[in-house]
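Residue numbering begins at 1 within each chain, and the chains themselves are lettered A, B, C and D in the order written.
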């Protein structure tokens, strides 16, 4: 790709659910823009800031030492109104009034749909940077925030294991990921959980209380009494972990306790993987702009920065790692195994 | 107190909900016993192990490097049957059959009631060591596990703050402590939470949804829009954090997200305060046994190991720190303040 | 004490080595001042800011959500020049020019000496708040930052134990505290270290390489081969941990590895104990000012806020806890014990 | 590859410097072997255990809940004697006497050389699993332990930043990696360090004190006074971080403090990436054995398990990521840039 024109001024915003590493991406965008002689204007509260003209210039001094914090210093928001044509037109007019040549949108699939929507009404370049803990975007090996969320979920599962082991009990930890089981699968694997309830698996063959109880009993039969920890993706059981724990306790007399991690998974210091990924993709976004590209997501595949058409990121499916699933289900926690005798 | 007889053999058990630091207490009991030439027999699964004769000798080599882990290597349990007279008699017979002279019970108030119950049927010395995250025992400045639970709750609140700030949202974090608000108060203070719902406060004057909404609105009026984090002690709201979040969202259109920490508060590496307290109290328990004392809890007051009659530990009340309450309520998060104008 | 006059305007500064919790203290000072209708002026870079007139008003909005971070948002510094009479006079003039009635100094003994020095030349009230990781101030059960430093040192020792155990090796971890062994003693106790080299102990009877080697050999004889972890306070061995490790390796063929924690002990999220202590003492400082008190440190003894004459804080000695020392040396890691035979 | 024979009994050992995740790999080996009907014999203390016949059977029950801990439950060691022909012959004889068909060696390049050496004298299959924090093996995108080491180094750098920022100071953090700068580069990038001293860079063009001072001065000129954090790989400066700090302080009057992380980088709970990688590679090793393969390392490339000839792993070079280097050096911390004027 050749450099189509001299870009002068870049807009940037963070949109949708915040993700650890968004600040690192923001810093990279600002430092890379500065490196290439571009100015950066940051819009606050995502697309809402485009509509409200809520913006400020962002210079290297403004992003010093923000990469170690989660959240986003320019705030995020979900903006329903932005789906309307008038909103996109307003945003386009505001961007033009500020002489902005290109916009970097850091967010997930909803934010990218918003970017696509805007692109129908605005001539500037638009680059997406994948910032979401859910890892559910096609075209990049990982999204910014995912590694941290897995780490936090694993850490919670480790803590639960300590107490579960002390009492030989059953625990359910509800994690994020209503549409995709990435956090569930990876944290379960990392923490050695005995059972996962993930959207992809529930779609195939939903678990019932009695299937769960049978697996607990069989697990105890195989290895002896002990702790049993379940990872439940949100929205995969009516009433969530709290209801499932009550059902197991009421109907099957299994003392069972729930935890609901919720937004804890979005906080704390971002993991190195997220900070590094965010740094590379933030720089890559600016370099894609220099290259004259538009309507793509800056992604990473096998260690190499790549560009993926924005629309592909949500239209194509990012499947769970089949090898991890196989290992977790068939080798580490086999359901059908006959009890051993040693 | 003078040394009444030559104690030879000590029993030890951990009972009730496990608490971070129980292993450190166990280690201290074993090392101190060894130091004074006593043998230690550990019973597994709390009082259940007394009834089942499930025990093993415990020597210094068995407790090397266990102090950094939560849980309890000799397992814990709640034992309903132990409340019966026959159970206490059985336990006494088992202890006598093993020639055990004294028993160290590491646990909370339920475990201490069990110890008192046993003492009516057994002649050996009994010393309690306060191991519970709830900090609800009279006679000791802190219980083993409390500092760690506060740390974990604070850490979760910190993580929530990151994301709450990014979206200017309301969050509720449900923490342990259904009868006592220690974890709630300390973690709220440590994390700068805007609101606490604690058993002691609910007993005085229960909050309603509308009181809560008013405080949120007033807080935003005083300081400007921003994040608002609530700490909710368990069992202080029907349906817990999940229900409260739904109510706030449904009735008052406040986007609100719940977290339910649950047993996460009992895991992970124990805090230094818990390990040090556990070490001191474990040693103190053995030295109280040497001194011929019985039916007391080994506690710590103003940095000095003391002995408190077991019965006092649950019959007398350990109140919340009134200075902390005052600071949190009147100075840091005043309810009645008029909005400032800067 | 009665209220001597209506205080209107408070100065505040953080001075000397920064300590985790300084921000929490600062926040408490600002919120309490606001509560009592006082204004706060913050000086940057400690006493240097007094001389340079480097200051800004500090309002509640400026301290929102700073309590979870270490460091100090108003910067700290060591200011040699402040020891001169002229400097104190300049500072006094600057304070008067700003109509400041009282000054809160958050720092350690050096900072408190500076405060005393200033008080000879300035009529305003001066309150010290103990902010130092060293815990070496008389009159308060703990200083702000100490709990966090111990936690970080313990965490490092825990990590070292993992690898030391894998290889059955000897490790030396150098911690802060050149004049006082508080961090060394507490972290050693919390992490189950086999040996401590602390200033208080070195003063009594300095260890030699051969004493150390003998203790390692005896420890291995008693418990079997295994890991051996030493905690070394800074400046207690010529060349520090690096030199001691080399000597042990060269002269006694013990493979030995050093770690030097350095300023890591001052960073990361402050522990709950430090945040709560800082919150209480920051409020207490303001309330002492209201009470008309001056030249005291706001301290905490047995859970109660107290005031200690500034001069006492460095002239009187805060000794190590003798019970902890006894337990660590005589019970947990006895030097003179004869090897056991089990 | 077809299954060459019916493997019955697998040996496993961990060798060389321990790495976080070795336990997870061990667990995976044992669970996968059990799944395929093989027995596992674990040798303690690496190759030394092969020579000493120090071994024990390892069953699923023996590896329950070890994956969350660093170190290695079967201990590791460096064994100089194993380089001799006689040692390899002895080991071969011992393996044959135990009817072991295949050996899994978890370790780094030294351990793999040992495996190659053994293969000249033993007919069984040998599979390497890359367990080293250094990430310096060719043929796998990452080695087990590397992600955790980077996380710990980054966490230390974050802590240093807090205090460095409070005092506007220069700090040097010495990290592991004497032959490869992976930990140095990744942790520097993740923590936003201003300067790296890595073996790969030193080989090209060694830094001098005056180059370093110039970069510090230029950095301060560009962005204003502030903290400056350097990451130094071990063995890249005579006397290490301690000496470099002294030189900067003595010769250039820059107050500068060193930290030496040392083996802290090998401890603590392994990162999710290491646990997942270890789980996949442990299973993969067993499946390679089933496939009749020998003298390869089980590695991971672009998310797919692969097999790499053992000899390639140390003979071919794993270079630093050139994009990361470029970003860190040219965009984030440009050396030659002219000071900005905003």
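To be clear about the criterion, contacts are C-beta pairs under 8 Å (C-beta built on N, C-alpha and C of every residue); 3 or more make two chains touch, one makes a residue touch a chain.
In UniProt terms the chains read A, B, C, D = 6-phosphofructokinase.
Predicted model only: the values in this text are computed from it and were never measured.
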Please indicate which chain is farthest from chain A (6-phosphofructokinase), where distance is taken between mean Cα coordinates of the chains.
C
Starting from the mean Cα coordinates of chain A (6-phosphofructokinase) and chain B (6-phosphofructokinase), work out the distance between those two points in Å.
35
Can you check how far apart chain B (6-phosphofructokinase) and chain C (6-phosphofructokinase) are, centre to centre, with Cα atoms defining each centre and the answer in Å?
28
Could you grab the centroid distance between chain A (6-phosphofructokinase) and chain C (6-phosphofructokinase)? Build each centroid from C-alpha atoms only and quote it in angstrom.
39
Name the residues of chain D (6-phosphofructokinase) that each touch 2 or more other chains.
155, 158, 161, 165
Pairwise, the chains that touch are A-B, A-D, B-C, C-D
The answer for chain A (6-phosphofructokinase) against chain D (6-phosphofructokinase) in the complex is residues 27-28, 31-32, 34-35, 59-61, 64-65, 67-68, 141, 147, 150-151, 154-155, 158, 161, 165, 186-187, 189-192, 223-224, 226-227, 269, 271-273, 275-276, 279-280, 283, 301-305, 321, 323-324, 327, 330-332, 334, 340, 342
Which stretch or stretches of chain D (6-phosphofructokinase) touch chain C (6-phosphofructokinase) in the complex?
14, 17-18, 20, 22, 69-72, 75-77, 152, 155-156, 158-168, 171, 240-242, 257-268
